[in-house]
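Please find the structures below.
Here come two complexes built around chain A, the first alongside chain B, the second alongside chain C.
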Partner chain A sequence: MDSARPYLAAFSSRFLLMLQYRAAAIAGFATQCWWGGIKVMIYAAFFAAAPAAAAASPMSLTQVITYTWLAQALLALTPWSADPEVALSVRTGSVAYDRLRPVDTYSLWYVRGAAWMASRALPRAALMLLGAGLVLPLIGLSDWAWKPPPTLAAATAFAISLPLALALSSAFLMIVNIIVAATLTDRGINVLFNSLIIVFSGNLLPLALYPDWAQTALLMQPFAGMMDIPLRLYVGQLSGTDALLGLGLQVFWTTVLVLVGRLAMGRVMRRLEVQGG
Partner chain B sequence: MPQILVEDLAKTYRVAERDPGLLGAVKGLVHRRHRTVEALRNVSFSLEAGELLGFIGPNGAGKSTTIKILSGILKPDSGTVVVNGLVPFADRIAHVSRIGVVFGQRTQLWWDLPVSEGFDLLADIYRVEPARYRANRDELVALLRLDRVLDQPVRQLSLGQRMRAEIAAALLHEPDILFLDEPTIGLDAPSKLAVREVVRRLNRERGVTVLLTTHDMHDIEALAQRVIVIGHGQVLADSPFETLRANVLAERRLIIDFAHEAPDLDIPGVEVRSRKGQTLELAFDPARTPTPTLIAAIAATHEVVDIHVGEPAIEEVIARFYDLHGAGEG
Partner chain C sequence: MNSAALVLRYFSASLRSQLQYPGSAIMLGIGAFLTTIIDMLAAWALFDRFGQVQGWGLGHIAVFYGVVSTSFALTDFFTRGFDVFGNEFVKTGAFDRILLRPRSPALQLVGYEFRLSRFGRLAQALLVLFVGAAVVGVDWTPDKALLLVWTITGGVALFTGLLVLQASFAFWTTESLEVFNVLTYGGIQAAQFPLSLYAGWFRNFLIFVVPLGCVAYYPVLAILGQPDPLGAPDWWLPTAPAMGFLFLAISFLAWRLGIARYTSTGS
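Right after this comes the complex of A and B.
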C-alpha cells in the first residue's frame, strides 16, 4: 500500500481541488446541454426523414439519443488538451521539482491527469444525468431522455468499460503531455488532437453510424475506446463477444500507449537532464 | 568519505541562437544555429556532513547548474558526483528522498492548495510515516512561524511567508542535506533574517548539511563557515569566509569630517575615494600606511571633527574579486 501512497495522494488531491471549480462545471454543463439538444434534434430529423435507412440503422433513435447525452456528459473524460498543470510546469521550469520527488515521474503525471479529467467529468455527468435522465421524463419528454442501460449485462460492461476509458484517455493525455514537455508549448498540439478526438472518439457522430466498410477500422483505432466503446456497451449496441472485444481493445490500446509514453518520457527526461530544466 | 564529493565536473549547454529581425527568424526556421556554453568546467570540491557552505558568483557562473547536478536533475557531461554514497542522476529516486531543495525563484507548493494540504501531499509523496510527519511538521511550523498561514492557499502568501513555507516543505521528509538556490531573493529585511535564522538553526541543531547560493553577501556573512566563489564555471576560491575577506580585503577606509572645507590631501599610498563638503573618504593599505600614523598625520595639520575607520562593503569586495579573476558577468 505504501508504494501506491504517493500516487493515490496525488490523485485525490487534484481531484478534490478540481471539484471546487463549480462555475466551470456549470458553464461546461450548459454548453454540453445546448450541443446535446441540437444533436438530438438533428438525429431525430434524420431518422424521421428516412424511415427505410432508419430501420436498417445499427442503432435505433433511442440508442442514439442516450448515446448523445452520455457523450456530452463524459466529454471531459477525453484528452481534449494537454494537462494545463504539466504545460505550466514545463514553461516555468517547476518541472524540476517533479524530478526531485522520490516517485516515478510518468506515474505521477498519469494519476494527476486522470484526476484532472475525472474531476471535470464527474459534476458535468451528474448534472447531465439529472437534466436529461430525470427532468426530461418528468416534464413529459421521455422520448428525448437519457435512458438506463437495457440489460444488466450492458450495465456491467459499461461499469467495467468506463474506468478503462479513463485509463486509456490518461495514457493518451500522457503522450500529449510529453509532446508539450518536449516542445515547451501546448498551443499547436491541443488544436491538432482536438479534431482527431472529436471525430474518432464518436463524439461528433456515433462510430456505428459511419459506413459499413469503415466499421472495423473505426472500432480498432485507439480513440474508440475513449468514448465510443463504453457508450455502445451502455446502449447495448455492442454485446456478447463484441462486448469482450471492445473491452479487450481498451486494454490493448492502454497498454500500447503507456509503453510508448514511458519510452518517450524517458527520452524527454534524458534531454531535460542534458539541456537543463 | 565526504558526504558530497565533486570531482572534475563539466557541463555544457547548447543554446539556440538566431539573428535579429525578420530575416533572422526566417533563417531560424531553415537552419538552427547552436552555440555551446560551458556552464561548468573542472569543478571540484567536497563537503563533510554538517557543513554550511556558501556558493557565490555572478549570474551565469554555474551555481544553479551545480545544484541541479547535485540534486539529480541534471546529468553532468563528465566528472564524478557522489552524494551520500549515491550518484545523483543515476540513483535519482533513492537520492532525492534524502535531500531537500528550494529554488528561490520557483515554487514547489501547489498554488491553489492551502499550505497545510500541500504539506500533507508532500508527506504522502515522500511516504513519511504519519506520526513522524506530524511531529516534524509541528516543529517546522513553530520554527518558521507558519501557524497563521497554514490554512491559506499558497497564492495568497507574501513572498516572505511563501519562502518560509517552501523551506518547511523541503524539510518534511527530514533530509540530511539541504540545497538552497537563492533562498533570500526578493525578500524584505525581516524575512531575510528569519530565513537565515532558520537555516542556521537547522544546521546547528539538526546537523543538516547546507549548500546555499546567494547574491546577498549578508547571507554569506551571517551563515557560511566556508565559501566557494565560482566564475565562468570554475572554482575561483574555496576558503573560510574570513580568509576570503582578508585576502581580498587588504584595505581600510577612513572617513574624516573636517571643521572646514575638506582639504586636498596628497599622502603617498592613500587614495581619496570621495569628497563631499567637509567630508573625505580615504582608502589605504594598513600594512603600508599604519592607521594610527595616518590619523596622526592628518590631525596634526587639519582641524578634524570626527573620524571613522571602516572596511569596504562586502559587495564591493566580491565585485573586485570577480574582476580580479575576469569573472564579471560577460
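Right after this comes the complex of A and C.
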C-alpha cells in the first residue's frame, strides 16, 4: 500500500484544489442546462413528428432525455484538453521537477489528470442532478426529467462502468499530454481532439441514434467507453451480455491506451528538452 | 484620419502580423472549417432516422444554420477585442490607455484584432447556406438576395450586441464572462432549428429577449416563401431582422453605463 501513497496524495490534493473553483462550476452548470434543454426539446420534436420511426428507434425518448442530462452532467469527465498543468510545466520547464521525483511520472500525471477531471465533474453533476432530476419533476415537468436507472442491474452496471470511463479518459488524456510534451504546444491538438470527442463519445448525439449501419463501428471505437457506454448502461439500452461487452470494451481500450501511453512517454522523455529561464 | 480609415489601418496591421505565420493562419482556418462541419452532423443523423419534422427537412435546417452561422462568422472577424475585454483590458488596467486616446473606445476595440482564421467558419457557413437553399429549391431573385443580405446584417448587429453586452458586464465582474458563449455558440445551435420545434417559453426568449429567431427563423421563412406555421403576420417576416439593431442599441446603452462607472484596477 505504501507504494500507492504518493499517487493517492497527488490525487486528493488536485481533487480538493479544483473543487475550490465554485464560480466555474456554476457557469459550467448554466452552460450545460442551456445545451441540455435545447437538445431535449429538439429530440422531443423529432420523436413526436415520426411515431413509426420513434417506435423503431433503439432508444426511447425517455431514455434519450435521461442520457442527455447525464451526458451534460458528466461532460467534464471526458478529456477535453490536455491537462493545463502538464502543458504549463512543459512550457516553463518545471517538468524537470516531475522527472526528479522518486515516483513514476506516467502514474503521477495519470492520477493528477484523473483528479482534475473527476473534481470538475462532481459539482456539475451534483447541480445537474438537483436541477434535472429533482426540480424538473417538482415543477411538473417530469416528462423532461433525469430519471433513475430502470433496474438494479442497470444501476450496478453503471456504477462499475463510470470509474472505468474515468480510467479510460485519463489514459487518453495521457496520450494528449504526451503529444503536448513532444510538441510543446497544446493549441492545435486540443481543437482537433475536441471534435473527435464531441462526436464519438456521444456528446453531440447518443451514438445509438446514428444510422444503423454505423452502430457496430461506433460501439467498438475507444471514445464510446468514455461516455456513451456508461450512459447506455444507465438507461438500460445495453443489458445482459451486451452490458458485459460494453464493460469489456472499456477495460480493453484502457489497457491499450495505457500501454501505448507508457511506450510513447518513454520515448518522449528520453529526448525531452527542458525549457529554462 | 476618419474612423473608417482608422479601422482599415488597424485591420491591415493585424492582418500583416497574422501573415507573419502563414502556416499557422492557414491551419487555423482549415481547423475552423473542419470543426464547424460537425455542427450539421447531429441534424443529419436525426433526419436520417426520423425523416421530416413538421414539414422541415435537412435542407431547411441547413439554410437556418447557414444564415445564422454566416452572421456569427462575420461578427467574429472584428469583435475579438470585446470578447477578451474583461481579462485583457479591465483586469490588467489596459483600458486606461484606451480611454486616454482621442478616439472612441468601441472603435479601438474593434481594431484590436481582425481574425483571419474566421474565413474557415465563413466559408463553411456560406457553403451550407447555399447547398441547403439549392436542396429546398430557393429561386434566387434580386429581392430575395437583398433580403438575405439584410438578414445577415441584422444577425451581425445582434451578435455584435451580444459581444458588446458581454464586454459591458466585465465592468462589474472584472473578468470575461464565458457564460455568454451560451448565447453566441449556443445561439447558433438554437437558431438552426425552426422556432416551431421549441416550447413556448423558449420561443419567446428567442424572439423577445435575445432575438435570434428574428435574424434567422422569420426572414428565412420569407426567403423560402412560406407563411409562418405559428401565425406571425406576413409583413413581420422580412422586418424582423431590425430587432438585431434594436438589441445592438440597447447593448451600447449598457456599454455607456459601464464606462461611466469604470474604475481602474490600478495594475
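As a convention for this text, the second predicted complex is superposed on the first by the 272 of 277 C-alpha atoms of A that agree within 3 Å, B and C clash if a C-alpha of one lies under 4 Å from a C-alpha of the other, contacts with A are read in each partner's own complex, and residues count from 1 in each chain.
One rule holds in what follows: a contact is a pair of C-beta atoms (placed from the backbone, for glycine too) under 8 Å apart; a residue touches a chain by one contact, two chains touch by 3 or more.
The structure displayed is predicted, hence computed values, not measured ones.
After alignment on the shared chain A, the placement of chain B and chain C results in a side-by-side fit free of clashes.
In the superposed pair of complexes, A:Y97 makes contact with chain B only, with no contact to chain C.
Put simply, the three-chain overlay gives an angle of 90° at chain A, taking C-alpha centres for chain B and chain C and rounding to the nearest 10. Contact with neither chain B nor chain C is seen for A:V260 once the two complexes are overlaid on the shared chain. When both complexes are overlaid on chain A, the residue A:P211 reaches chain C alone and has no touch with chain B. Shared-chain residue A:D2: touches chain B; no touch with chain C.
Closest contact between chain B and chain C, by C-alpha atoms in the overlaid model: 6 Å. Overlaid on A, the two complexes show chain B and chain C touching no common residue of chain A.
The touching residues of chain C, counted against chain A in their complex, run 27, 31, 34-35, 38, 41-42, 45-46, 48-54, 177-179, 181-182, 186, 189-190, 193, 197-199, 202. Of all residues in chain B, only 13-14, 65, 68, 71-75, 89, 92-94, 96-97, 99, 101, 103, 106-108, 110, 112-113, 117, 120-121, 124-127 touch chain A in the complex they form. Only residues 27, 30-31, 34-35, 37-38, 41-43, 45-47, 49-50, 53-54, 57, 188, 191-192, 194-195, 198-199, 204-205, 209-211 of chain A touch chain C when the two sit together in their complex. Against chain B, the residues of chain A that register as touching in their complex are 2, 5-6, 8-10, 13, 17, 92-94, 96-97, 99-104, 108, 270, 272-277.
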